[in-house]
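Naming follows writing order (A, B and C), and every chain is counted from residue 1.
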Amino acid sequence: MNSEELRNKLSEIKDKLTKTEEPIDNRIYLYCESENSYAVNKFLFEEVPLRFVIATGIDSDDCFEIIYHYSYDETGCVVNLKAFIRDRENPEIESIAPFLPAAEWIEREMHDLLGIEFKNHPDMRRLILADDWPEGVYPLRKEVKQ
Amino acid sequence: MKKTIKKTVIPVGPVHPLQEEMEFFQLTVDGETVTDIDMRISYNHRGIEKISESLQFDQVPLLVSRICGICSASHPLAYVQAVEEIAGVTVPDRARYVRTIIAEFERIHSHILWLGLAGHFIGYDTVFMWAWKYREPVLDMLEAITGNRNNYGNLLIGGCRDDIPDELIPKIFKDLDDIEKKMDMLTKAIIDDPILHARLKGVGVLTKEAAIKYAVTGPTARGSDIDIDVRHDDPYAAYSDIDWNVCVAPEGDVFAKAVVRLLEVFEAIKIIRQALRKLPKGPVKSEVKEIPPGEGTGRAEAPRGETFHYVRSDGGNRPVRHKARAPSYVNVPSFKASCIGQKIADVTITLAAVDPCYSCTERVAVVDKRTNEVICDYDMLLRLSREKTERIRKSF
Amino acid sequence: MDWKIWSLKKSPWVFHVNTGACNNCDIEVVDCLTPKFDIERFGMKLVGSPRHADALLVTGGVTAQAVHRLREVYRQTPKPCVVFAIGACACDKGIFTTGYHMVGPVDKIIKEIDPDAIIAYVPGCPPKPEAMISGIVKALSAL
C-alpha cells in the first residue's frame, strides 16, 4: 500500500475515532476514547496490518493518555493512536496483550509506573520496579517529585 | 502478588545460594527441555524517563547515550530526530553524513562484539579473542573522531558536536581495508565450519509468525525472514543518498542471525566508504533557539534493531514526556518463543542470538518443573553449551 | 605486612558485579581480558564466584533491585578483599543521581555492612581499560 491507500485503510475505523491528524509527512495521529482502544488496536495490528512499536503512558492534567505507536514499514509511516482514559481516580483500559504478546511487557511497565489497570492482562505482575518498592507509589505520575 | 518458590540448591559448580532472589531469566525445565521462561528487568531500571523531565532538551542526549553502552549513538540519534521533528529543524548536510559514519562504526563494533560473545558461549574462545582484538581499531577510530571509545556525546539537536577532520580520512580508509580483510577471514572461517553448521543450524528457531506477534526488530527479525530496516523504510541521516542492501535470511535459527550480522558488517564498511567520499563541505552544527509546543517521534536502526523515541514539548525548555524504547525491549521477550522446546545446552546461544545486554545473560537460573529446585546457573549453562560443541566436534 | 594482604597483591582474582550499569563499563572490564590489554599476563583473571575472588569489580550505580545482590556478594567474598568502584555510576551514581530507583553509590552500600571495607575508585564514563588496570595496580600497591 502507498500512503494514500494507507489513509483510506485507516479511515475504515473512523467511526471509533474522535480525530485524525497528519501534522507532517509520514506521521499520523489518531485519537480515540479508552472504550474503543481495544477495537482500534486490533484493527491496526491485524487488519491493516501495522507493526507494534511501543506504548507511552502519560499523566496529563485531567486524564491519562496511552499512545500506542505503530509502524507501517512499506512507507515508513508512524501511526500513533492516542487513547484517553478520563477517570483519573481509577484509570483502567482493556489490555491488548491477548492478541498482541508484544504489548505484555509495556502494559506491566505502565501499571508499575503510572498505576493504570489493564483488564484481562494474561500476567499482571511487577516488571520494572524492585520487589520492595512501596505499593501505590507511581513514579511517573506528576505528584511524585524527583 | 509475589510468587514464592521454595528452592533447594543442588551445588553443581559455583552457585549463588541466594534463595529468594529473582533472576533476570528463570527457565523451567522438564528433564532437559525448556518448558517455560520468566524474565525480570528491574535490575537495570534507572528511571531514565523521569530524569529526562528534569533535564533541558540539549542535556538529554548525554543521558540517553547511557541507556545502553553498546548502542550509545543510536539512542541520542533517535532522540534528537524526535526533537528536530517538533522544531522543524533541517540538519546540515555534512552533519547527516557524520551521523551516518558514526552510526555505522557503532554497528561494526557491536556486531564484532556479538560475534566474540557468541563464540565464547559455544566454546570457540579463539573467535572471542580474535573478534575483540579486531574490534579495537574501530574503537580507536571512534575515539579519534569523538574523543571517547564509547559514549560519543557527538549528537546535538540540529547537528553534530564534532566534525571529522580531513586529515583523518585517509587513515579511516586504510583502517577500513584492514578491518574488512580480517572480518573476511573470520567470516569464511565461521561460514565454512561444518561443526558450527551442526551446532547452530536449527537451534533457537524464531518463526516468522512468532516474530510478528512479538514485534521484533533488527537482525532478530531479519534473520526470521522479515524485511524491515529503519534505514531503508524511514530513512534518516544520509542513508537515502547511499547505495546499500538490507540483509535478510529466511531460516530463523541462530546461524541465520549470525550470518545477517556478519553481512551487515560488510555493508557498514561499504556505507562508511561512500559517505566519506561524498562528505559535503559545510558546518556540522546549526542553531536551534527554541523547541515549540508539539510532539515528535524519532527512530534509528541500532545494531540490535529499531530504537524509538517519543518526545512531547509544551514550549518550555524541558521535555514534558520522553519515551525511550530500546530494541531489546521487544526482542528479549521473543526469547519465550525461540527457547521453549529447546534443550538446556542451547539456552545461552539462543539468548545470545537475540543479542541482549551482556550483563542480562549472567543472571540465568534453571528450575526443574517437577521439583521446583534450581538445578543450574549461568556457569553451568555455559559448560553444557561448550560440552555440546565438543560432542559434535568429536562426531566429525 | 599482614600476610593475607600480601597474598592478595599478586595475581588478584577478580569477580565482576553489575548493579544496574549501562554495560559500557562491563564491556571495558571484559575488554581487559582480550589480547590488546590482556590482564591474564599479570595473573589476574575473572572468576565465576565471589568465593574465589580477591577483588570485586563493581559497575553501576546500584538500583533498588540490585542492592540485595551486591550486599550478598560482598558478604560471600573472603576478607580481606578490595572493592573497586568502576565508572562514574559506581563512584557516585553518575548521570543518574536523581533517579528514583537508584540507592547507591557503591561505597555507601558496602560501608553499611562493613565500615572498614577497602574501596578504590576508578572514575570515567566508561574508564578506559588502561585506566582500570592502572587503578587496580595503584590500589594494590598502596595496600
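The rule is short, and it goes like this: a contact is a pair of C-beta atoms (placed from the backbone, for glycine too) under 8 Å apart; a residue touches a chain by one contact, two chains touch by 3 or more.
Predicted model, so just to flag it, every value in this text is computed and none were measured.
Undergrad: By C-alpha centroids, what is the most central chain here?
TA: That would be B.
Undergrad: Out of B-C and A-B, which chain pair has the most contact pairs?
TA: B-C
Undergrad: Approximately how many whole Å separate the CA-defined centres of chain A and chain C?
TA: 41
Undergrad: Using mean C-alpha positions as chain centres, tell me how far chain A is from chain B in Å, no decimals.
TA: 25
Undergrad: Residue numbers in chain A touching 2 or more other chains?
TA: Answer for chain A, listing residues that touch two or more other chains: 129-131, 139, 146.
Undergrad: Give me the residue numbers in chain C that touch at least two other chains, ranges are fine.
TA: Those would be 63-65, 98, 100-101.
Undergrad: Could you tell me which residues belong to chain B and also touch two or more other chains?
TA: Residue numbers touching two or more other chains: 40, 42, 45, 47, 50-51, 54.
Undergrad: Residue numbers of chain B touching chain A in their complex, please.
TA: Interface residues on the chain B side: 1-3, 22, 40-42, 45, 47, 49-51, 54, 85, 212-215, 228, 230, 233-235, 294, 296-297, 299, 306, 308, 310, 312, 321, 323, 325, 329-330, 333, 336.
Undergrad: Please output the residues of chain C touching chain B within their complex, sorted ascending.
TA: Touching chain B: residues 18-28, 30-31, 34-36, 48-49, 51-52, 61, 63-66, 68-69, 72, 94-96, 98-102, 125-126, 128 of chain C.
Undergrad: Which of the residues in chain A come into contact with chain C in the complex?
TA: These residues of chain A touch chain C: 129-133, 139, 144, 146.
Undergrad: Please give the residue numbers of chain C that touch chain A in the complex, ascending.
TA: 63-65, 98, 100-101
Undergrad: Per the contact definition, I'd like the list of chain A residues that touch chain B in the complex.
TA: These residues of chain A touch chain B: 23-24, 26-27, 51-54, 56, 58, 67, 69, 71, 73-78, 80, 100-102, 104-106, 125-131, 139-140, 146.
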